[in-house]
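Please find the structures below.
Shared between the two complexes below is chain A, which pairs with chain B and chain C, respectively.
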Partner chain A sequence: MSDQATHIIPGQSVVSRLSGMATSGLTTAVVVAVLIFMPLLLGGSWTFTLGLCFANSIGVLAVSLLVRYGGEVSIGHTFFTALGAYSVGVLDTRYGISLWASVPLALLLGVVFGLLFAWPSRNLHGIYLAVTTLALALAVPEMINNFDVLTGGYEGLYVATPFIPGIEMGLQRYYVALFMLVIVCLAVARLRLSRQGMALLLAKAHPAAADAFGTRRVWARVSIMGISGGIGAICGATLAFSGSTVSPGGFTFWQAIFLLVGSVVSFYGLSLTRVLIGGAFVTLVPQLLSASGAWIPVLYGLALLGMILLGHYMPRIRKAMNRKAEAN
Partner chain B sequence: MDQTTNALRGEGIALSFGGIKVLRGLDVEFRAGEITGLIGPNGAGKTSLFNCLTGAYLPQEGTISYAGDPLNGLPPAARANKGIVRSFQHVALCPDLTVRENVMMGIARNGSAGWLSAFLPLPGGTREREEMARSADEALADLGLPDVGDKLPGELPPGMQRLVEIARAVVGKPSVLMLDEPAAGLNNSETRDLTKVLRKLASTDLVMVVVEHDMDLVMSICDRIYVLNFGEFVAVGSPEEVRSNPDVVRIYLGSDDDE
Partner chain C sequence: MSFWDSLLYDLFPLIWSGMITGCLYALGALGLVMIFKCSKVVNFSHGNVAGLTAFLVYGLSSGMLMSLSWGAAVLVALLAAVAIAFLIYSIISPLVFESDLTSTIATLGFGLIAQGVTLLTFGADIVALDLPIPRFAFSVLGLLITGYDLTVLAVAVVTIGALFIIIDYTKLGIAFRAISENPFAAEVCGLNLRSVHYFAWITAAILGVVGALLIVPTTFLSVTTVATFMLQAFAAAVIGGFASLPGALVGGVLVGVLMNLFTFYVSPEFSSTFLLAVILVALNIFPNGILQKVGGSRV
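This part shows the complex of A and B:
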């Protein structure tokens, strides 16, 4: 009986370590519980900002997933976030259709365009693929402005239809984002255990071995791009709802870079706590620094460096502290 | 069924890389129910021949068939689906998967759980994973590794990693099993266990081919042995025939230093 149980949760610690869940399920549950009560403690503007953090965390997760499961780097994920955001924005403002329909549409578009991008670029790797994704990102603002009949062009769109009528909109913007983040993180944790997820990991580590056991490289590439694109679009959909406005300024090339930076500072983690760090970085650092004028880029760089050094040395510092604690 | 019906056959397999001839028109017949040895000095082309048979390399000339069905043009994944599997000379486990999960990859292609259960905890996907895990644990136990399923490959010594690699190849009950230096890095007792496992695996409808430098192992388990040197067979026959073949003796005495 007991060995039955180990099949279902095969070495939770190892698997959770590997799936990027540096923290246990318990820690995650505590973090989520605290976040559920946050709006009671915080003012409206902080609640709003935290909602954006959650939404951006989903985008960071999309980028990290591509790194972890595909071994590839994207600097063009605003293409997918824009797809999702405009799905929500257009359906809401033009047709009055709420998230019930626009989120599934966003997911569908994200996946489809992920696949459409993956097929022609299936044989590109590393820097070549990254540059190709960059082309996606650079095209986004232009495309938005060209389709201004639908997208509202430079002015953008204002998303005001409630998801659940009767509940105050500020709270909805917060809780919908939190809910989306939790759902996406759970789905990604599940992926790690699935035969598809395992096949992607093997294909990344040893393409020849994956091939020899029935996983084709092209399948792996196309699949991970579809998944990452879909999650990217969910990020955009959430950003549109929680941020209330959708405009080209949210999907610039710089925003794509920020998503990648968020992924790097969270060390490509896939757990809720890890991606929250990345999402907070993407959301907060530019805001905090916006008061500092010409020094913004320098301070941004310093903040980035600080985060990376901290992450790099943290395990060692923790080990040293543990050793000290044991010695005492 | 006749041994030769279910054989893996290659005729005139020639492979070259940029003008360098690696395989020079090889004819092979690896029969079901036999353990075939493939020996020869380093660089002889043993791994390359495996790669041609599994579809990883495309030989410039020659035909390959299994049980009469031509395999030329089939990609490696399709050959795997026909039950043609191999282990790798350089252990090719995924460091991000547990040992058990690595072995599960030997049968994951047979799974039917769709994309929905890849993201949602649907009962079908969970059940399938449990079944695969059970098969993987059985394969690991057969190879004398009952307790390492939850570890990462990197946490095991090299010898055990190689056994995990073999477990991944055998877990799917293959019809053709090609093992590339399965005993490399194993200590004496691990090699003895491996010998037992390979003997146990041999069955009337399994084609088993073993590339190995451990001559005691090869001579003791193989029914037929192919000796490869510079991309050509210098001898084919029973262990006794091969052992007494003067060319083989010369190659092996002469190649002592590069082993």
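This part shows the complex of A and C:
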């Protein structure tokens, strides 16, 4: 599925691809413009929920990025979101330092730990890496609870320091999340055009060719984990600020799987609109089904399967229909 | 107490009980490896489906759904496990031949569904599900050996022995090995990949049920216990190389013993972190598992 998306589709001219990019840029601009004015129309609770949507979208983007540029699946991204969330939470509650300092710290920690995790697992790929990230996800809640001097254990932390003093907190929680999402999406779009992005895609699609051109496979793996970990940490930082609380319940193993579900539901898309769909799915489904909790895993599972099967059968159905149209 | 005394009184019992749990991890890991070997899919739904069937045994034998005898309940649960495995593989089989990563993610979806169904049918309560085995215990050289230990050991030896005999000597087993080795050549020779895949998935499901029923008496049965148990099985499979059946066995026992020693001597609170460390270290020293032959590739 991901391969099809990253390769150039034959038979499609450069012009049509460029115009496609322009229209998608336009859609994104319209979506962002609408989102900027949303708080004027919506009540406080919906503004809050939308803020969480944006934060989760960043997490979905981190997982999708790893799939698209690294060809790897992670079910352990809660490790990075927890890192980001707790750097914001701890700096805020213990030292009263606002996002100005804690987001860069979160990004730094995310990248560093992404690299640290990637180094021992540099030779792993596919299922080995997936299972290792699974172990990583399992270790997260236990680490949080055992470092309770810093993290507050089960009780968690409450983030209350404003980003820009003087503006209403509810609006800040919304706009900071939107701003982060836009920035991260822009950065990822830039990555696609950059030297590093090209090298990563080459290393994924043709490892031997990448070796010949001097892109080490180990370097590709370690760097994409670093980038994805950094974005994951920004997701956590945004979650902490927009969600106002940081507690171990937000970084369970299931949460890690939900991020992957969001990524699959958005078809591993990297554009703002696509990741918003994934983020909205991850955030809204538990909210809408909060009365009947047992249905959440069922619905998530069905959505995951439905999207995967759709991704599998859609091109075939389309091809069959085209053939029929040609025959007529 | 001297050092040697504490060694005798703590270490050997810890290793023994670790080996017993390790046998169960191995049962779980063998199922994962069987599926992976032939269809190249990591079955993340393994634990949740096994948990669902364990609950089914509870529900059918306790009077919650029906009050059958224990044996009849297990039989029904085994049939259900086979049916579920058949269904899961039937749905994802078109994906299996296209992308192993996509089909692996699809199994996560089935895992979520199985967990949800368990919650919906049996609720989030914690229940006790015991085995109908005689309760006795005796001690050998300071080791306390219980009826449960011997049951686990016996069942594990019989199940694993039967599995290896099937794989080594029957036609089906030879087909399984051929497909694991080279699916294309096997298909050219006229083997039906799908039917062998079905064999692997169904066998794995049965192994999962056996493992789940045996592990539950040591803990309790809740929605997450069996899934958590299977995570250790994942670690065992990874350490064993994920593509090696004897490796899964060794990995299972190793994980069982190491986890037991770690929780006793160091800390029970960091056991998942320790498991992560064990996986990372093992994969760095033995990138293809502890029993894998050294291989290489040329560019």
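Methods note: the second predicted complex is superposed on the first by the 271 of 328 C-alpha atoms of A that agree within 3 Å, B and C clash if a C-alpha of one lies under 4 Å from a C-alpha of the other, contacts with A are read in each partner's own complex, and residues count from 1 in each chain.
Methods note: a residue touches a chain if its C-beta (ideal position, glycine included) is under 8 Å from a C-beta of that chain, and two chains touch if they have at least 3 such contacts.
Every value quoted in this text rests on a predicted model; they were computed, and no experiment measured them.
K.L.:
Counting residues of chain A in contact, which comes out ahead: chain B or chain C?
P.N.:
The partner with more contacted residues on chain A is C.
K.L.:
Return first, second, both or neither, reflecting whether A:267 touches chain B, chain C, both chains, or no partner chain.
P.N.:
It touches nothing on chain B or chain C.
K.L.:
Which holds for A:146: it touches chain B only (first), chain C only (second), both, or neither?
P.N.:
After superposing on A, A:146 lies in contact with chain C but is clear of chain B.
K.L.:
Look at A:251 in the shared chain and tell me whether it touches chain B only, chain C only, both, or neither; answer first, second, both or neither.
P.N.:
Neither partner.
K.L.:
Would you sort A:73 into first (chain B), second (chain C), both or neither based on which partner it touches?
P.N.:
Only chain C; A:73 stays clear of chain B.
K.L.:
Which partner chains sit in contact with A:208 here, chain B, chain C, both or neither? Use first/second/both/neither.
P.N.:
In the superposed model, A:208 contacts both chain B and chain C.
K.L.:
Would you sort A:187 into first (chain B), second (chain C), both or neither based on which partner it touches?
P.N.:
In the superposition, A:187 contacts chain B only.
K.L.:
With the two structures laid over each other on chain A, which partner does A:294 touch: chain B (first), chain C (second), both, or neither?
P.N.:
second
K.L.:
State whether A:128 touches chain B only (first), chain C only (second), both chains, or neither.
P.N.:
So A:128 only meets chain C here.
K.L.:
Let me test your reading of the model: by the given contact rule, A:138 touches which partner, first (chain B), second (chain C), both or neither?
P.N.:
second
K.L.:
For chain A, give the residues common to its interface with chain B and its interface with chain C.
P.N.:
The answer is residues 3, 208, 211-212 of chain A.
K.L.:
For a test of understanding, state which residues of chain B touch chain A in their complex under the given definition.
P.N.:
54-56, 75-77, 80-81, 85-86, 88, 92-98, 100-102, 104-106, 108-109, 111, 113, 115, 117-121, 125-126, 128-130, 132-134, 137, 149-152, 168
K.L.:
Write out the stretch or stretches of chain A touching chain B in their complex.
P.N.:
3-4, 6-8, 10-11, 14-15, 18, 187-188, 190-191, 193-199, 201-202, 204-206, 208-216
K.L.:
Where on chain C is chain A touching in the complex?
P.N.:
The contact residues of chain C facing chain A are 36, 42, 91, 94-95, 98-102, 104-106, 108-117, 119-120, 124, 231, 234-235, 237-238, 242, 269-273, 275-276, 279-281, 283-284, 287, 299.
K.L.:
Mind listing the chain A positions that touch chain C in their complex?
P.N.:
Chain A residues touching chain C: 1, 3, 71, 73, 75, 120-121, 123-124, 126-128, 130-132, 134-136, 138-139, 142-143, 145-146, 208, 211-212, 257, 260-261, 264, 293-305, 308-309, 311-312.
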